[in-house]
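Should a chain be cited, it is by its letter among A, B, C, D, E and F, assigned in written order, with residues numbered from 1 in that chain.
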Amino acid sequence: MVEYADASPEVREIYDDIRATRKTDFINNFWKALGHHPATLRRTWESVKEIMAPGALDAVTKEMIYLAVSATNQCGYCMASHSASARKKGMTEEMFGELMAVVGLANHTNALAMGHRVEIDAEFKAAEFKTA
Amino acid sequence: MVEYADASPEVREIYDDIRATRKTDFINNFWKALGHHPATLRRTWESVKEIMAPGALDAVTKEMIYLAVSATNQCGYCMASHSASARKKGMTEEMFGELMAVVGLANHTNALAMGHRVEIDAEFKAAEFKTA
Amino acid sequence: MVEYADASPEVREIYDDIRATRKTDFINNFWKALGHHPATLRRTWESVKEIMAPGALDAVTKEMIYLAVSATNQCGYCMASHSASARKKGMTEEMFGELMAVVGLANHTNALAMGHRVEIDAEFKAAEFKTA
Amino acid sequence: MVEYADASPEVREIYDDIRATRKTDFINNFWKALGHHPATLRRTWESVKEIMAPGALDAVTKEMIYLAVSATNQCGYCMASHSASARKKGMTEEMFGELMAVVGLANHTNALAMGHRVEIDAEFKAAEFKTA
Amino acid sequence: MVEYADASPEVREIYDDIRATRKTDFINNFWKALGHHPATLRRTWESVKEIMAPGALDAVTKEMIYLAVSATNQCGYCMASHSASARKKGMTEEMFGELMAVVGLANHTNALAMGHRVEIDAEFKAAEFKTA
Amino acid sequence: MVEYADASPEVREIYDDIRATRKTDFINNFWKALGHHPATLRRTWESVKEIMAPGALDAVTKEMIYLAVSATNQCGYCMASHSASARKKGMTEEMFGELMAVVGLANHTNALAMGHRVEIDAEFKAAEFKTA
């Protein structure tokens, strides 16, 4: 991990932007691990900053979507870091409980749909063509 | 697949509840495939009805979380059926675009976090203990 | 895909063993696709023949375990080919229904356990040490 | 985690049913983590009790199917808790060894089938129509 | 899908860059699907252009790594599009055969390592500290 | 885990071959865990020895492909053991950085391709028929 004190000017500039954007001095280990690969650090941080900012979806909804993927992929680090962010951005315990219920259900029915090899309904294909 | 006309009274009762709850005569293939296993049909439908109903999270947010899991798991049927539901419940093209951007990003950083074997920050563990 | 008529002697020998072991002339596409890479064809067939043979677990149980993995991984080909084998070896519609119920449940609770970041109980660790 | 002593009457009732059904005072962490979301706790426990009970498949086969999914999904908690249950219900070391061999093989050939983009044989589709 | 003729100037500019970079008029469906979400189209294309360019790893090695992930995730589209790119950049049938053998093996042993809940050797942790 | 000193002659013979092939006395925990199931130990070791040996792909490329799968599957043990092997066989920090960038990107675009339900281009299908 590359600590702030040991960072090159290029890496330090990104760390500074993380701190400024998040209004905190704390830089979590994920970014310090990417500190060894400045191109990945920069590209990943730019993507996170752009994608996770509120837009048509608000910030807490985005964090919950992030958690849904991370629980499905069994990523322990991502659950730990983004459940902290989600809570900071307003996710209550009740919202988290419902989030996890949907995530569990979707993983459940995804397996059932494949297991039973369900064919896509003509109705859904038609809907697709209208919107996309 | 078990069509309505061929369904046992037990299965038909569940099909009727699906129709009544969703205010449509259409029963999609997923349920017809489960029609061969009435216990699974009933249990799955009860869970879907209970979990996907609006609560601390609204219905469209729940559908988007469902889509996040289904894209991650590469479940084609689930993407087809639930992007139809999500659109019906109010997901716009712009919301869908942002949803998929977050889903792509989370799958990306989940792999980076494991690949770099990032250790969970003490700060996140502490946060955990306060809230949970 | 390498058809039997076009196969090299090395590949044909393996095709012959597949036919003899399975008591059928039918060679499914999976093996024909591996026909381009004789080393993979041979190694994979030897593993399948050895691992799927009845032992401490009977043949139909092994096929059901195979299906559990394939539904979880969303592998359409593997579901199609191995649900045929499982049925041939004695899996009834009722057994398939219960299999899929367990597979759905396990995918559900796997996500819940990670989502809630449940710590392994000391009791389970102790049990581990005694048996392993 | 919600300990028995701190549980609401609603949660305690479910804990009591877990204890009675499993004939043990021990409640593992998974349930205590769900204790914060009584609706999820109740629904998940009802599903586990119903699905994992012996039926067309016996209890130890169900536990092994559960383990097959959990190893595939890389769920450490689930492997720990359910290998304990599986052993308690009669899974021997030899059965576990064969189970894991099939799980490894299925993950292997699932990747090969997708990697080589194998098309589903007409023969398997036909078989499907007869049985389903 | 957004065809070139129907694209906004912003989208058309990215399509032009895809064509120029790849020295072909052909724009594959993936990009046309992202055409509805210009921000995602731009970000994704910039990442692909930057990451897939030869560096410490040559272009064909990068394509093979891409295929390894796509086969593991069961992404049919990605296997189709990137096995075309990999072949164009020099992947032979023999290289593809060995690639898939490693991918199959890794999925196999990943499941075994989790299934047997193997603990990380102190020797590997030490190696980590030296290099990272 | 089965230590060398406690191993049966059959298991010891495989441990000896691991040591001889790798030119080191060190046997990592993965093999010791398989020591309880000699058939799996032998089969897995034979596959690893055969598949990971240099061929049309060199040894370090094979290790990197292995890491790509392991990061995607979130297998902590496999990342730890095979990043050690990859480094020993010549993977530099810069190569590892680029490897992980491709792995992240592929997981990202795999999800986007499924999420947007992109259809395979006719051009890719045609290419397939020519080469395979």
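The rule is short, and it goes like this: a contact is a pair of C-beta atoms (placed from the backbone, for glycine too) under 8 Å apart; a residue touches a chain by one contact, two chains touch by 3 or more.
In this text the structure is predicted, and so the values were computed from the model without any measurement.
Q: Between subunit A and subunit E, how many steps is the shortest route if every step has to go to a touching chain?
A: Minimal hop count between subunit A and subunit E: 1.
Q: Between subunit C and subunit D, how many degrees of rotation does a Cα superposition need? Round to steps of 5.
A: Fitting subunit C to subunit D on C-alpha positions yields an angle of 180 degrees.
Q: Among the chains, which has its CA centre at the largest distance from subunit C's?
A: That would be chain A.
Q: Given that subunit D and subunit E are copies and touch, would you call their interface same or different according to whether over half of its residue numbers are shared?
A: Same residues, largely: of all residue numbers at this interface, over half are found in both copies.
Q: Between A-D, B-C or C-F, which repeats the contact pattern of A-E in over half of its pairs?
A: Copy of the A-E interface among the listed pairs: C-F.
Q: Just give me the whole-number Å value for how far the CA centre of subunit E lies from that of subunit F.
A: The separation of the two C-alpha centroids amounts to 18 Å.
Q: Go ahead and note the Å separation of the Cα centroids belonging to subunit C and subunit E.
A: 27
Q: Report the inter-chain centroid distance for subunit B and subunit F in whole angstrom, where each centroid is the mean of the CA atoms.
A: 33
Q: Can you list the residues of subunit C that touch 2 or more other chains?
A: Answer for subunit C, listing residues that touch two or more other chains: 33, 36, 39-40, 43-44, 47, 51, 69-70, 72-76, 80, 83, 93-94, 97, 99-101, 103-105, 107-112, 114, 116-117, 128.
Q: Can you tell me, using the touch rule above, whether these chains form a line, ring, star, complete graph or other shape?
A: Graph shape, chains as nodes and touching pairs as edges: complete.
Q: For the complex, which residues does subunit E have touching subunit F?
A: Per the stated touch rule, the residues are 26, 28-30, 33-34, 40, 44, 47-48, 51-52, 55-57, 61-62, 64-66, 68-70, 72-73, 75-78, 80-81, 83-84, 87, 92-95, 97-99, 101-103, 105-110, 112-114, 116-121, 123-125, 127-128, 131.
Q: Given the complex with subunit B, which residues does subunit D contribute to the contact?
A: Touch list, subunit D to subunit B: 1, 33, 36, 39, 43, 47, 50-51, 132.
Q: What does subunit F use to touch subunit D in their complex?
A: 36-37, 39-40, 43-44, 69, 73-75, 128
Q: Along subunit E, where are the residues that touch subunit D in the complex?
A: For this pair, the touching residues of subunit E are 67, 70-72, 74-76, 79-80, 83, 99-100, 103-105, 107-112, 114-117.
Q: Which residues of subunit F touch subunit A in the complex?
A: Contacts found on subunit F: 74, 93-94, 97, 100-101, 104, 111, 116-117.
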